Amino acid sequence: MRTTTIKELAKVELKNPVLVEGLPGLGMVGRIAIRYLIKQLKAKKLARLYSPHFPYYVLVNKKGSVRLLHGEFFFWKNEAGENDFIFFTGDNQAQTIEGQYEVANRILDFSEKNNVKTVVTIGGYRKEVEKKPGVVAVSTSLSLLDEALKAKAVPSSAGNPIVGTAGLLLGLAKFRKIDAICLLGETRGYLPDPKAAKSVIEVLRKMLKVKVDLSGLDKEIAKSKEIVGRMQEIERRREKYAQKMRRVEEERITYIS
Amino acid sequence: MRTTTIKELAKVELKNPVLVEGLPGLGMVGRIAIRYLIKQLKAKKLARLYSPHFPYYVLVNKKGSVRLLHGEFFFWKNEAGENDFIFFTGDNQAQTIEGQYEVANRILDFSEKNNVKTVVTIGGYRKEVEKKPGVVAVSTSLSLLDEALKAKAVPSSAGNPIVGTAGLLLGLAKFRKIDAICLLGETRGYLPDPKAAKSVIEVLRKMLKVKVDLSGLDKEIAKSKEIVGRMQEIERRREKYAQKMRRVEEERITYIS
Amino acid sequence: MRTTTIKELAKVELKNPVLVEGLPGLGMVGRIAIRYLIKQLKAKKLARLYSPHFPYYVLVNKKGSVRLLHGEFFFWKNEAGENDFIFFTGDNQAQTIEGQYEVANRILDFSEKNNVKTVVTIGGYRKEVEKKPGVVAVSTSLSLLDEALKAKAVPSSAGNPIVGTAGLLLGLAKFRKIDAICLLGETRGYLPDPKAAKSVIEVLRKMLKVKVDLSGLDKEIAKSKEIVGRMQEIERRREKYAQKMRRVEEERITYIS
Amino acid sequence: MRTTTIKELAKVELKNPVLVEGLPGLGMVGRIAIRYLIKQLKAKKLARLYSPHFPYYVLVNKKGSVRLLHGEFFFWKNEAGENDFIFFTGDNQAQTIEGQYEVANRILDFSEKNNVKTVVTIGGYRKEVEKKPGVVAVSTSLSLLDEALKAKAVPSSAGNPIVGTAGLLLGLAKFRKIDAICLLGETRGYLPDPKAAKSVIEVLRKMLKVKVDLSGLDKEIAKSKEIVGRMQEIERRREKYAQKMRRVEEERITYIS
């Protein structure tokens, strides 16, 4: 394992597969969404991606063994619909600029090999969300974007950057005749945000015509809500204190003058 | 796209083409100048340069799609003169030392392939400009430098560094029998500075005998002037405050003694 | 020496050799343990590993000469037991992500070439140890882990990261049909910690059925104890002071409100 | 120029040439010494070394042109002695770990090609020098070290690191059957230190039996002395102030207790 390497774990024939990607990032939206989908749909392991551009540590697993950081591809045979699915998530994003381009290209190589024609990437979009988080969509394909908007996503304003693998996959897909769309769940981003992940999956299941029960996510949301409440209280106090300090400082300046 | 790659978008025969380059940097002088020239002269797209040494994000464009960061070559057929033009600008400079050398070399590869014999690079030169910004010129060719000085540029003092692509293109051009000149518009550098860009284009159009109307830039200058005025006011106050703080501090030290 | 290079210093036939690795890291546990074993067992030099991923300085040695930073392999013929040993230690870990993967892979290349089937790596595990430091074990092999637990090591909880060469060797060994175990001595980690190294060797000698006298380490422990005592006293005072400062600060905030 | 490249500027037959290297570093000792030797001995240009591992800027030179950062080899035909000389100095050291190893290797490649059997590197050694700076010597060859000690250099204590090209050249020379010695002039290191450079050249000219007049350096020393005097005065005051602040702080702590 000296360069980015993909190890296949299963041989399957997939029917017009769609790749859905979500790695750790803002609010962990992508990773939470993909992990939930894998669990709900009982998707099976397809392949692993290793890379020397991931951080140089290993993780202890439940059996007392360790493993390299990796990304994982899962597949799900969608008997009821037109498209099977490949899901991709992992422990980390690549740590260097060149590594980011390299890993994104390898994900697309593997997708092409599996005849993927559509890629969906999931991430977070920083916003001070008060109620239900919205979903921002950008796409290399007008018709895909259209489907997302019909499923209640909103378009992004021009000039926004989309950082990391979720963005690069779209940028690089254009060179490969693969259509790609990125769905960004609005999130304050400080903490893992299952609420934003839920909003994304709601858009996704309409777009891709897949039935996914979302009640499992509601438990995670309840848990995280409590934590968020406490964080917001702390922030409110900090802001109040900062305002006072500014006032005191301003008075001091006036005095010095 | 695993290494720096140039995608050609048009096939044209160019007559003794001159490459004029300007990337984001100090005061955004290079990028503002090139974008203005492209717009004024209605230059057409020639090629795009992609690189894994650019930052790892993509940008949302107006149609709700995204694109990788890139550099772009444009061409302009100069019916009235002896030289056609290739313009180059982009979103970003390369992010690593090795990437900077790599991207500059690729720009020169493409220039050589198009029979470019002269390269002009544009950037900013940090100076507390009060009135009309001057233009500093350095060149690998005495005759090119001479033309710039006749067009009211001033020579640079020895030992000055020219950072980034605008500088490396000159340094690397020497190995390829390409003459190159760098025109640096004086700028305070904190904000996009269309005034500095205007000064550079004034020198450029004299040197290269190209007619370019500059009234379009005057609008941008008017807009930026207001912002700069406010920034200077803030700075003046900060300086005044800092002086007072130093005085207070000095007294405190005296007291401790 | 442009890439990571291994120079062989001796040709030997080794009997089912086990590689035992320990590089500088938390509490210097790995390096102290390996150096002690080499000295006690009178292990002989086998090979050196050089790498452009090590820091770019050289070290002055006792004869007034200098040498590049390196890692060193030693061998010990274990007449009484079933396994000969190869020890590996060095001056430094590799300094970049890609360098870490590269060096770990080269260590395994060399191990495979010498028919190594078992790798033991040694490191430190951050913990506020009060009495005898425990030893945490993780392994790619259940039977190896079992032997460590019998020798009084404790298993690691899932999710812990093991950073650097000690971890990567385990992660990468899995691709090569080499069994590997990592033994981490509990240490506060601020200072070289021979006590943690002693705990690790105690587990190791039981597991690997090797006789090693540990009285030599006790001298080092006595020396370090005194230093640690002084450090703890300083820390206690700092903490006390910090608490007071926080109290003062809180009062000030109350006052401002 | 995509990798480190050496351009030859002259073809000469050199008689048992010795390479003497000094790049910018602590107190600029190496660079000052080499530049002085080149000027005094009227050494001629032999070759230039360019590298994408140098910083990505170019320097304006006296003629209003620019040049890439580079290293330069000069040669001097020593009619009176047994060894001709190659001098190497440059603008900068390489900026990355891998770049440092790469550049040092290329310098040795060029040396081998020119039948260099002995390399001398020059640098600074941080020390609070009061009077005449001493010269610390380390060498891969006992006989070379001996000659340096006879010329009044002192040996280094074991364990000292020698950072950068001056150190790596020694470490890497060992793999090429080239003898190498490093002479480090003691310097406080904050400012260019011609006095330390003078001490090094005094050792060097004894060792290598070369006549070099040192009166030119005395002028530089006189100039720098004045600056150093002022710097020391400022430092003395800062230290005095810091002591007072500590006393005040200690009292405050006592008060809080």
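Chains: A, B, C and D, in written order; residue numbering restarts at 1 for each.
To be clear about the criterion, contacts are C-beta pairs under 8 Å (C-beta built on N, C-alpha and C of every residue); 3 or more make two chains touch, one makes a residue touch a chain.
Everything numeric in this text was worked out from a predicted model, so none of it was measured.
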item	value
Per Cα centroids, the chain farthest from chain B	C
Type of chain A:chain B copy interface by residue overlap (half), same or different	different
Chain A-chain C separation of Cα centroids, rounded to whole Å	36
Inter-centroid spacing, chain D versus chain A (mean Cα positions, whole Å)	51
Residue list for chain C, restricted to those that touch at least two other chains	none
Category of the chain touch graph - line, ring, star, complete, other	ring
Chains grouped in pairs wherever the two touch, ordered by label	A-B, A-C, B-D, C-D
Residue ranges of chain B touching chain D (in the complex, touch as defined)	97-98, 100-102, 105, 137-142, 145, 155-164, 167-168, 170-172, 174-175, 182, 253, 256-257
Complex contacts: residues of chain D adjacent to chain B	1-2, 52-68, 95-96, 99, 241, 244-245, 248
